[in-house]
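Letters are used for the chains, namely A, B, C, D, E and F, taken in the order the chains are written, and counting of residues starts over at 1 for each.
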């Protein structure tokens, strides 16, 4: 990812990004139903690296399977590139864990940017104490083997009803996670920065008591004049 | 609303109000599935002012529609009376926002008492920092246009399976939101205050180790005697 | 319950216990969809004492029913043994309360170990301030009579899709609640302690930067050697 | 059950019965979400005999358990009184069967009036060919042991969110199943017969082209006159 | 509606219409989750006339309310124009009826084209015998007053997550119901007729054993030649 | 597949197969929530050939994509081996079609054994008239592009919460569809035939009025004697 793009995405919200994507005809890029375990962190930004789960068949999912170094869950945790976001398709099923505290810690130590599942994590109280962005649906103490079988690494997946292709740019904040198609990342990031400047201006004016009519969007000429002045004054 | 009623409703819980309504045969006045974004605030109390969403049709919900000052969402935000509670029927669909930080801030600055949706809000981390009661189902970053079209202002609606008529008295606390039919507000508020005094007495006695049998409800004569003495002592 | 078992269960997680149960072919012992109201407490450990709700029939569930000292909800609250965990089958329906602040306080004062419902509690902001483990799905202000009729005390029930037999050992932590069949409690507790020692070792090594391959599980001989040394050093 | 009542209930619809119960303040007596497997049959009428399932624990639900003649599912099938309706609380879970073709056939041969579950039956294509009223949510091929453990016979239960007490009068038609509290059966049956006569009159008039205004309900005097004449002419 | 358009819509499927709408950027016009009660009929085609339900408040929904000739449900049934389709917003809640056999019969006798609810109908076995297109989610014996309050006539609504504006053109077949925005009805109908001719050709060729590659869509020149010849031969 | 196995599977039910799999510790092989469109056909038996859908991204799913002969949906339809069962992972989402009448007809003509999706099919009324086994959740008129993007051919998938590996043996009857792991197909088929013979005997005896106790399972010696005699008499 372009370092400027990354820096820009660190400073904008998933809400603003969703609007920028909406303008381009993309309506389903927000991962539905996931929340951060540890909401106070900076934005999570990185390229998607994916893991796909399918429903577990009992004979293929005994506790012994983790002894295999090629088990896709363990392999993916060791191979996910630093700076990437690890995105898991758990079929929105949080009855068993997508992963637990040890694997999440390993990803953090390896320099991965964050992890998202549309299922749940075990050891969630421990995970919530890590300085690492982690998003899930709800805590899920049972081992993944109970419900999930890891089957594919870095293929296109669904996560929370959003399409996720390896290499898409994934951004998370206190509200949730959005997936930006790789080829749009630069332009969407740039536009989101501009939108954010304007929204900061609007928010300040609204806090001062101004009406949103004519201001948001700026259909009054005066709003555009004021915004230009405000930008100059703020140096943004 | 009667100022005494408003004051009384500031000091009772939604749980107590639900019981007072239950006694009157009203079982569905609690808005199901909404939580406060910022739980530590005083009660939210005000008369309902409503906005109704219908499913969005794509050609009628481009980003341009907000340039229209008559767009019902924007119009409603500017016209909702100070002191009212803004209640949104989002058909329990939180895949897209019912509103965002700027509009919520505008409502706060206009003196509105609070806002409730059975969908979700975008910019929820910002909203959670406002000293303003806001209730929703879960964060929803995508713009409302993605899923919702604002269609009617101040008509009777459903919100979280509760019936809401304009002018109904809406009360929110750390637990959720209850809707009191307008004609019952005074009597329900007065009864809830009485119930709260008694429940405070019971809670104190239970903390001291007393059994609930004969005390809650006070089927033992002694419970009634003790309560009368306690009220006198406490001046309530 | 064996006091050693109880002490052991105070120091292990529900996630670890779920894995120990998984190894024994038990896949459904985690109570799905419940969260602690007050997450910072020590583990909840006790034997299950159960209450079963059925759907409420209106003529049998007027506010007057609580005047009956034999009402199963009230009776159960007074009879639940100190040290037990009070587990309620609310059919996963949180539209009305399973109980409220006063009854929960009474259970706490009586020395009960904690309370779990797969529905919701009313007075949840008050309950969240008690130094007492309480688990539910979401807040529910309406009185239980609205939806639930208490019908049976201390019978086998379902709670969050888990089977619960009176006397089963119930353990809760910041993640949720697990149900251990009574006859397995001692062996599962002992095994979970051993697993926890090993996982603490692994977590420490992963924090130091070691790969999980060969370590978790310890398929490398070196991992077993290191663990043995670590145990000796730590005196565990 | 009073034989007259039974005969009356054979000739009225569940829709009419629901309205008669609604007038008495009972809103939840219709079993939600079940359909007849074989819709062309006469009404099912009988007193409720119940079976309660809880979630299955794997060690208690091996295929061997059916060798026990006291297994509650098998015992209930042999003990359910002729003329009764067998009602099963499957917690609305149709992932595994509540029963199968052989047990259903046995109930039919024993003279039972019908069977209802809020889960599903296996062997449903075979069951659909029996001249016997059977209601469920959807087909469910897996054996009940997969998900359900039979635990109680003839206790109060929930079925499709309706409260069911042993001895309640259960009526099924092509639309679904309604539960009439035992003490109301005679009066509700009598009223439903009267309502049905009137609705047959209305339906005939509407088919002839008359407006429903003033006719349904008969607020026009002429409607009442016409109805009286029609009754005389029809001998009803 | 243009009579040609109506005639064209009688001969095409909802599936084909959905594709024609998809090409115009409209993705949500199919009413989700409704099925015909009586599947063998000709298409239902007419302009939408709507009824909106909100959640019922008990004091406003006693059985007496139907004595009021202005009750919106009854008024709407008498005022819906012949040839229109009566579309009901029941908030996808089928726990109580949207209407019953008598009202549906009245609509049929008044020359209405059909009726759709995203809830359920009572008297469904009777309705299934009428030569009249009726679509719902599932049978619902309880009177509408139990859950629904009729509140608005002929306003924009949602039905099965589709946006419905009065005057939109509604088409139903054996698969379900689609809503065509009024201003697109003529062009969509004409295009759907053309698409249907081509699909009939393709279906015939596929039945003869031809591959879909190059044929559907007709990317092979030969496919276009064959289709032209087939049209001439068939006179379509 | 072994021809004997195939023939055996043509004569047993999915219910019996589920029990045989249950005995082997496999609890999740029944595809939940799908029904046959055309229930009167012989069993569907074949090896799984799979198609995986992910959520559709709008820019990658315009109507033009079908012009690409390599589009996975079209390619899979032409490449699925005769005799196989085409199984589609639609993420249990029936808001848009998994396929339509033309593609289903093409599969039939190519000698495929049947088709299953955990979503829905368009053109379902036409499909229901084909002499070809087709299973889905409910009709879905919108084109697959609306919600689904075909992404992988013949990889392991989930379908209705069941794990499906390419080559697994898939069996459908009037009740639904079960997935038999490839390596168990022969032994499960053989055992199911034996179970079916016994169940036919039991069903006959129950129809004659015999109790199930001691008969089903045959814990009475007499039951085993009678069965042996019956088998001889029937030549089974």
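Criterion: a residue touches a chain if its C-beta (ideal position, glycine included) is under 8 Å from a C-beta of that chain, and two chains touch if they have at least 3 such contacts.
In this text, all values refer to a predicted model and were calculated from it rather than measured experimentally.
Trainee: Work out which chains are contact partners of both chain C and chain D.
Mentor: Neighbours common to chain C and chain D are absent.
Trainee: Overlay chain D and chain E by their C-alpha atoms and let me know the rotation angle in degrees, rounded to the nearest 5.
Mentor: Superposing chain D on chain E takes a rotation of 120 degrees, nearest 5.
Trainee: Please flag the chain sitting at the greatest distance from chain E, going by CA centroids.
Mentor: Following the centroid criterion, the farthest chain would be C.
Trainee: Please determine the option from B-E, C-D or B-C whose contacts repeat those of E-F, over half of the contact pairs being identical by residue number.
Mentor: B-C
Trainee: How big is the gap, in whole Å, between where the Cα atoms of chain A centre and where those of chain D centre?
Mentor: The answer is 49 Å.
Trainee: When the centre of a chain is set as the mean of its C-alpha atoms, what distance in Å lies between chain A and chain E?
Mentor: 39
Trainee: If you average the CA atoms of chain A and of chain F, how many Å lie between those two points?
Mentor: Computed from C-alpha means, the inter-chain centre distance equals 37 Å.
Trainee: Note the residues in chain D that touch 2 or more other chains, in rising order.
Mentor: Correct list: 27.
Trainee: Touching pairs of chains, all of them, please.
Mentor: Once each pair is checked, the touching ones are A-B, A-C, A-F, B-C, B-E, C-D, D-E, D-F, E-F.
Trainee: Where on chain A is chain C touching in the complex?
Mentor: It is residues 63, 66-67, 69, 74, 77-78, 95, 97, 100-103, 105-106, 109, 122-125, 138-143, 145-146 of chain A that touch chain C.
Trainee: Chain B touches which residues of chain A in the complex?
Mentor: 13-15, 17-19, 22-23, 27, 30, 32-33, 35, 39, 173-176, 178, 199, 202-203, 206-207, 209, 211-214, 216-217, 219
Trainee: Touching chain A in the complex: which residues of chain F?
Mentor: Per the stated touch rule, the residues are 24-29, 54-60, 91, 149, 151-152, 155-158, 161-163, 181.
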